[in-house]
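One chain, chain A, links the two complexes that follow: it is found with chain B in the first and with chain C in the second.
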Partner chain A sequence: MTGSKVVITGMGVVVPHGDDIEQVYQRIIRGENECRRITRFDASTYPCQIGSEVRYEVEAPDKIGPYTIHNEALKYVAGATDRAIKAAAIGPAEGAAQDRRAIVLSTGVGPANIDFLGPIALRVHGSDEDPYKANLEDFYGAAPAEPEAQGLDEFHLDTAAPACAIQFGAAHVYNTASACASGSHAIADAAAMIHRGEADAVLAGGVCTPVTRVLVPGFSMLQALSTRNDDPEHASRPFDKDRDGFVMGEGAAVMVLESEEHARARGATILAELAGWGYSCDSYRLTDPHPEGIGMALCMTRALESAGMAPEEIDHVNAHGTSTAYNDAAETLAIKKALGEHAYQVPVSSNKSMFGHLIHAAGALEGCLSVMTILQGVVPPTINYQTPDPSCDLDYVPNVAREMPVNAVLKNSFGFGGMNVSVVYRRYEA
Partner chain B sequence: MSDSSPRVVITGVGVASPLGVGRQAFAEGLTSGRNAIQDLDGRLSLVGPGAGALVDVSRRDYRNYFDTRLLRLSTMTRQTTLGCIACGTLLEDAGCPPNGEVYPDRGAYLGSFIVPPDFAKQARFAALMSHRPENQERGYVIDDSRLEEALKVASAFDFLRALPNMPSAHLSIQAGYQGPACTYLGSDSSGLQSVGMAVGAIRSGLAVAMIAGGAFCPFQEVHLAWQQVRGLWAQRAAESSPIRPYGLGRSGTLPGEGGALFLLEEREHALSRGATILAEVTGFSQRFAAPGSDDEVAVRADALSMAIDQERPDWLAPSGLGHPDLDELEARAYEDALGSELSSAGLVNAVPQLGFSGPAAGPMQLAAALLVARGEARIAGLDVEADPDCASLAAAGGRDGRTGAGSVVLASSFSMDGVHAAVALRVEA
Partner chain C sequence: MSASRLLLSGLGALTWEGAGLDAVSRALAGTAAPFAREEPIDGLGVEVGRIGRIKDPDSARSYKRWGQLDTYSRYGFVAARMALEDAGLEGAQEDRDRIGVLLGTSFGCMEENQRFDRYEIVDGTVKGASPLVFKGTVDNAPAGWIAVAWKLRGPNATFVSGSGSSLEALWSAEGLLRRDRARALLVGGVERFSDLHLLLADSKDGRHGGRLAEGAGIVVVEREDSLRSRGRSAQDAHAELVGVARCSGSLPAALPRALRQLGVSVAEVGLLSVAMPSLEDLPEGLAEELAPRAKIVAEKEYLGESHGAFGGLALSAAICRLDKEGTGWQGLPLAVIHVFGEARENFFAVLRATKGT
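Presenting the complex of A and B:
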């Protein structure tokens, strides 16, 4: 790559393990699990009854510019943004300086919530005889009186990224959707913008609140979720032979990316370098990864090439590692294709074993943890790893974290539709 | 954009529009002056404006545009389908139809918008999960124990196809493209945003060719009703010309569906495969300002100025919705950005003919302007009595700009949501 070096100067999270990235990381390397029975609603009759929820009060502003922070997704991402900005010690830009700042956020799944579809449905289904008896316009006129309907604008409008743009003082706003790869996609897009010289500082990441009455049964119907309902803490078990699907997780994670020159000029503390990124699409099937991991390997190879690094320079792979049968086997195969013999030497772990799958925020949270791994030199474990699977034959850092020097982490994110993104995080050297 | 970066050109246009499907049919539809706005029927007539423009392609003809065995209709929303139809015409137009091969260095970006499909089914699902307690006039109670019953009206595909990345995932599979893929969301400007991001991807070496544009279907009850409450739709849908951009007495726009896509390529790649180069993308810009903020005009003007840079536009393709406030903001922004250059440019506004297709509207306008600037289509002037506050753009509506090689197009999407994008093209011979 020939453009500006891209560095990370701040991170902010609101996730099941907490709202302080240092504390979250400490809990992660201790192998603490936040996958439990769902409390958001009575899931006792649901096919999957397990979720990884934010079970604490989140501090976030009530209103940002014209946007009311009225639902959990907005609260999480506004809170995470606030923390990232403070951590980076970078105030909101004003005036012309906003033109050099951008927001790239992945926010795609939060709105699909039956809780605010319910009031509409009751009006639309005025009676069995005349299901469209009620008038939707009347409903919208009355919506402010319905506390459950406060999320209706979110049903249509994505106000999370614009709200974050006001917090950060950014003149550019983008929303990425590449399914479970979206969080990493947002970070890679942000890095690319800086690298091309289009921005000096970009706040990027994702937010997702998929533990809902619609999405939990929906993903169950896609046979993607674990049904280990009587043993929720062992439900997310990436790369284990007895894995049976993932666990939905919720939260938000963002990071402040800057050009090296911009960060140094303002005296920022540089946490790590975002050294390379790669995108690919399997162009195969909508729900299954390519069985030979072709697209996954392609994006890992591209990320390494863009970082100008050899496979042997990767010290740790932070895997997508969903705990589904197809993904984990295909990812294992792809890591071997991309890294060659080094695949058998490098520790590969899945953070999802401890907080499930944050879908649109997954890559962003796991990216933040990758940076922490470089800073602290402790590779997180893959917990619940009990029975080896012949199709998953790498070193998955089973159950116990590992102290070791880590200079570079390859972070994988793969999504439905075969959309893949890999990002290389590297120790910063001036 | 630095001079050392690869130049990015357009080598194909794909359109699924209410005026016709494919580049030639779209051009003929524009030239004919035909108005595709029609009364809506069924449940769509019960909400919103009661009129709109639909793409007329029968289900059995889908196979003319994409492989329905490879891309199953059960996995598609209407906007995904429109994207795939547009993509089929695009790949033919660009001289690279799907051939079973995969292309690791080509990708697909699409602007779209989250409108969950099949609201009737969703509402039924929600209704089956909810009830109003006896002796209570308002409110509802969700009963989770009724999930099993509610799930009988749903299938796994309902959830899969509603995932927001599905439109671009389908395009990648359809074309066999293994490069970057993403659906850009969040605003009505995301179609032009995807064009800008695709240009960036090519210029930074991530791909040699990208499909980019937008696809959208607004015909979902809740979406129509919501936009009605926001004041987007025209109040006099029954009139023969309800959409009156920049005119006195304008009251809003009407919904239209469609998809408009471009094949963007690195110039050298296009030349090496013998492709016909239609235009070069010379500029892109994007700006955000929260709705209601003091700098709404300035931010829009900045987006235009940055995209057009030092060039003099021959054709303007603004949003042109016919909305009382948005048109005025748009006209003021064009005046601020272009000054006297505005007096020589012509206006392309297909919105009165084919309605407003949200994130697909920017690419649709860009496609129309490209065809007009190339001399492949003509577009009727605006049939309105000009609003003095929008006089500059209204006047452009009665004027022809320069056509042919070297002519410059400036297209913009100014959204109600505060995200604005602009793209500039220079026509090639």
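Presenting the complex of A and C:
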């Protein structure tokens, strides 16, 4: 292990608020909301009819190497990768240099990627009486006579990461699948790879397209989604007393991480340092956080230890803040356990109040916004905060952004399965 | 970075032939029953070793919610239970905040996805489905259930990197343990096939050239200082994990680079376990890279192609292939386990025999 500093030199997003991270951040600090009624499919009879969708034409390559960029998820992540590479002014590596580059993506192989499987599934389950057929045909149209070769390859291995590897010129490729913690997990693992001296530059982040006819009812079954259908813009209200669940969001976000030496040697503009990270597990229930926030607190403490920082050095917490009753109360307790008295001084905000929960991409997008917060010195608000909840008694930056110097942000991401990841982003000092 | 050695202190394996190292040994000896041939889809057939829905009284005793686990999660759970028992960590009140779970899978929860997608959705409501079905539609369900059952609050992660997944998990585990971010980690892979997977495998017949097999291979990798704190020594462990290296390029070119990365000599390698379907597929020039008495094996010939679980099972298979005294392989101290990752990547895990050291 080299112990090299890990720095961020470029970021790229394709998310509901836009495809330019600086413009997205400006919209976020203005408190602009993208949670609206779902347009991807007819959700008019659904318990939850609200989503945060990418509602503009995304510029992305049609084909990357052998991979056709044929669905929204691939489009989003290829577009975000393209933007991050340009922002970092780092061209694709060639030849042996590719061995020093990696891709770590959170894409999942779960239902979110089922459009890879749809045509095959339809062929298998062709009976007209089978509701499976009806469900799938809603998405994918009629079954093809024969599975196409590319469809099968995509079925076998998620193509997003290998396609991005071609864009970035990376020899090492892998995917994290830690549910809602996955985006931060990918970024933390990328940092670990650089810290171990096994890569000079890693592109890491996540992509998710969960606003589907199947996934929305699935999360509704767990009573995780808001049903405030008559008022979609106020549906995602983290830490508010009247919160009733989250809103599904879609998009992709990635960042270019490098060793400090590598970035400086090529004259890159360093945006921030990824100073530390921590992992833990709640080991409580598969889909509920521990009510006392034990695992969450452990994770934040580990991230601080890893960064060699005291709680008082954290200027802002970018919360997981889903807007569910359980998460927000448990996270509040956990922040107090991890930061002690400083918890009452530090502004805590949830970006999800404005774009919902991007699941596999959530930690990556919110990580990019954490970096922007350090660069711009404006802490994003938690919008829709109207009624204080006694179980959520911290400073959540209600409704209005706050200008203040920010040197370090603690970013939390928690997922199904109990996986927790916290990442510390810090102002870069040479 | 702390200098404590990393040791394989527990092994757990679930194969089409059965559970435990005995089953792995039977498979390696070629004395196991032939693979079942399944015909999941009209007109298509694929040779596959399936485990099926398992009833495991030991696991049911270990965890009161065993009945809620989907089949994919059960595979991982059974292998994890065996590994924890083997390591002596199953019932002990150890520091569980520093014990975690890192697993790999290639196809993950695909069967549960299919199961969920079969339900009729009327007015946005899933008719007749239990919320448990949806809970199973995450790839990290086995890692989550294992952590919940044994109250393991250490790092918990799942990797989806094709056939390299379990050594991807091992690579990540090595980093966490060497930085002392955990004292012990359950590491390996789990694979359960859905009928979609079998269709895929059938249409890709010849691509892997081997037989498919479900499985779960999970080991406990533990820091030596942790093992000592429990009154055990390296001699009690199955082997030392020297390290995991990832190198792109052809196998014969990547192997020496990987060994150099890990600071070991090719002359010490007594066993090379390669990820080819059979020895007939060995690339030219590979044998010349090794000492003359070193043995090359292709465990997929015996264990089948278990994708994301294969690396985990191959670790147990390497232990089964230790020399009789357990002091090495072919009289040499190192074994190398190879799997292919995504793109052009190779993973190499290097084990060192600990008996007699």
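As a working rule, the second predicted complex is superposed on the first by the 380 of 430 C-alpha atoms of A that agree within 3 Å, B and C clash if a C-alpha of one lies under 4 Å from a C-alpha of the other, contacts with A are read in each partner's own complex, and residues count from 1 in each chain.
Here is the rule we use: a residue touches a chain if its C-beta (ideal position, glycine included) is under 8 Å from a C-beta of that chain, and two chains touch if they have at least 3 such contacts.
Since the model is a prediction, treat every value here as computed from it, not as a measurement.
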item: Which of chain B and chain C A:G197 touches, first, second, both or neither; value: first
item: Partner chain(s) touched by A:M419 [first = chain B, second = chain C, both, neither]; value: both
item: Touching partner for A:C48 - first (chain B), second (chain C), both, neither; value: second
item: Touched partner set for A:P217, first chain B, second chain C, both or neither; value: both
item: Contacts of A:R402 with chain B and chain C, given as first, second, both or neither; value: neither
item: Partner chain in contact with A:R40 - chain B first, chain C second, else both or neither; value: neither
item: First (chain B), second (chain C), both or neither touched by A:R264; value: neither
item: Touching partner for A:G65 - first (chain B), second (chain C), both, neither; value: first
item: Contacts on chain A seen with chain B and repeated with chain C across the two complexes; value: 43, 45-46, 99, 107-109, 111, 114, 117, 120-121, 124-125, 131-132, 135-136, 152, 155-158, 161-162, 165, 170-179, 185, 189, 192, 196, 198, 213-214, 217-219, 221-222, 279-287, 294-295, 298, 415-419
item: Touch list for chain A against partner chain C, complex; value: 1, 43, 45-49, 98-99, 107-111, 114, 117, 120-121, 123-125, 130-132, 134-136, 147, 152, 155-158, 161-162, 165, 170-179, 185, 189, 192, 196, 198, 213-214, 216-222, 278-287, 294-295, 298, 302, 306, 415-419
item: Touching residues (chain side chain B, partner chain A) in the complex; value: 2, 5, 43, 46-48, 75, 102, 104, 107-108, 113-116, 119-120, 122-127, 129-130, 132, 138-140, 142, 144-145, 147-148, 151, 154-156, 158-160, 162-166, 168-170, 172-173, 175-187, 190, 193, 197, 200-201, 203-204, 206, 221-226, 228-229, 286-293, 299, 302, 417-419
item: Complex interface listing, chain A residues touching chain B; value: 3, 41-46, 65-67, 99, 107-109, 111-112, 114-115, 117-122, 124-125, 131-132, 135-137, 139-141, 145-146, 148, 152-153, 155-158, 161-162, 165-166, 170-179, 182, 185, 189, 192-193, 195-198, 213-215, 217-219, 221-223, 279-287, 294-295, 298, 415-419
item: Touching residues (chain side chain C, partner chain A) in the complex; value: 1, 41, 96-97, 100-101, 105-110, 113-114, 116-121, 123-126, 129, 131, 134-135, 137-141, 143-145, 147-148, 150-162, 164, 168, 172, 175-176, 178-179, 181, 195-196, 199-200, 203-204, 246-248, 341-345
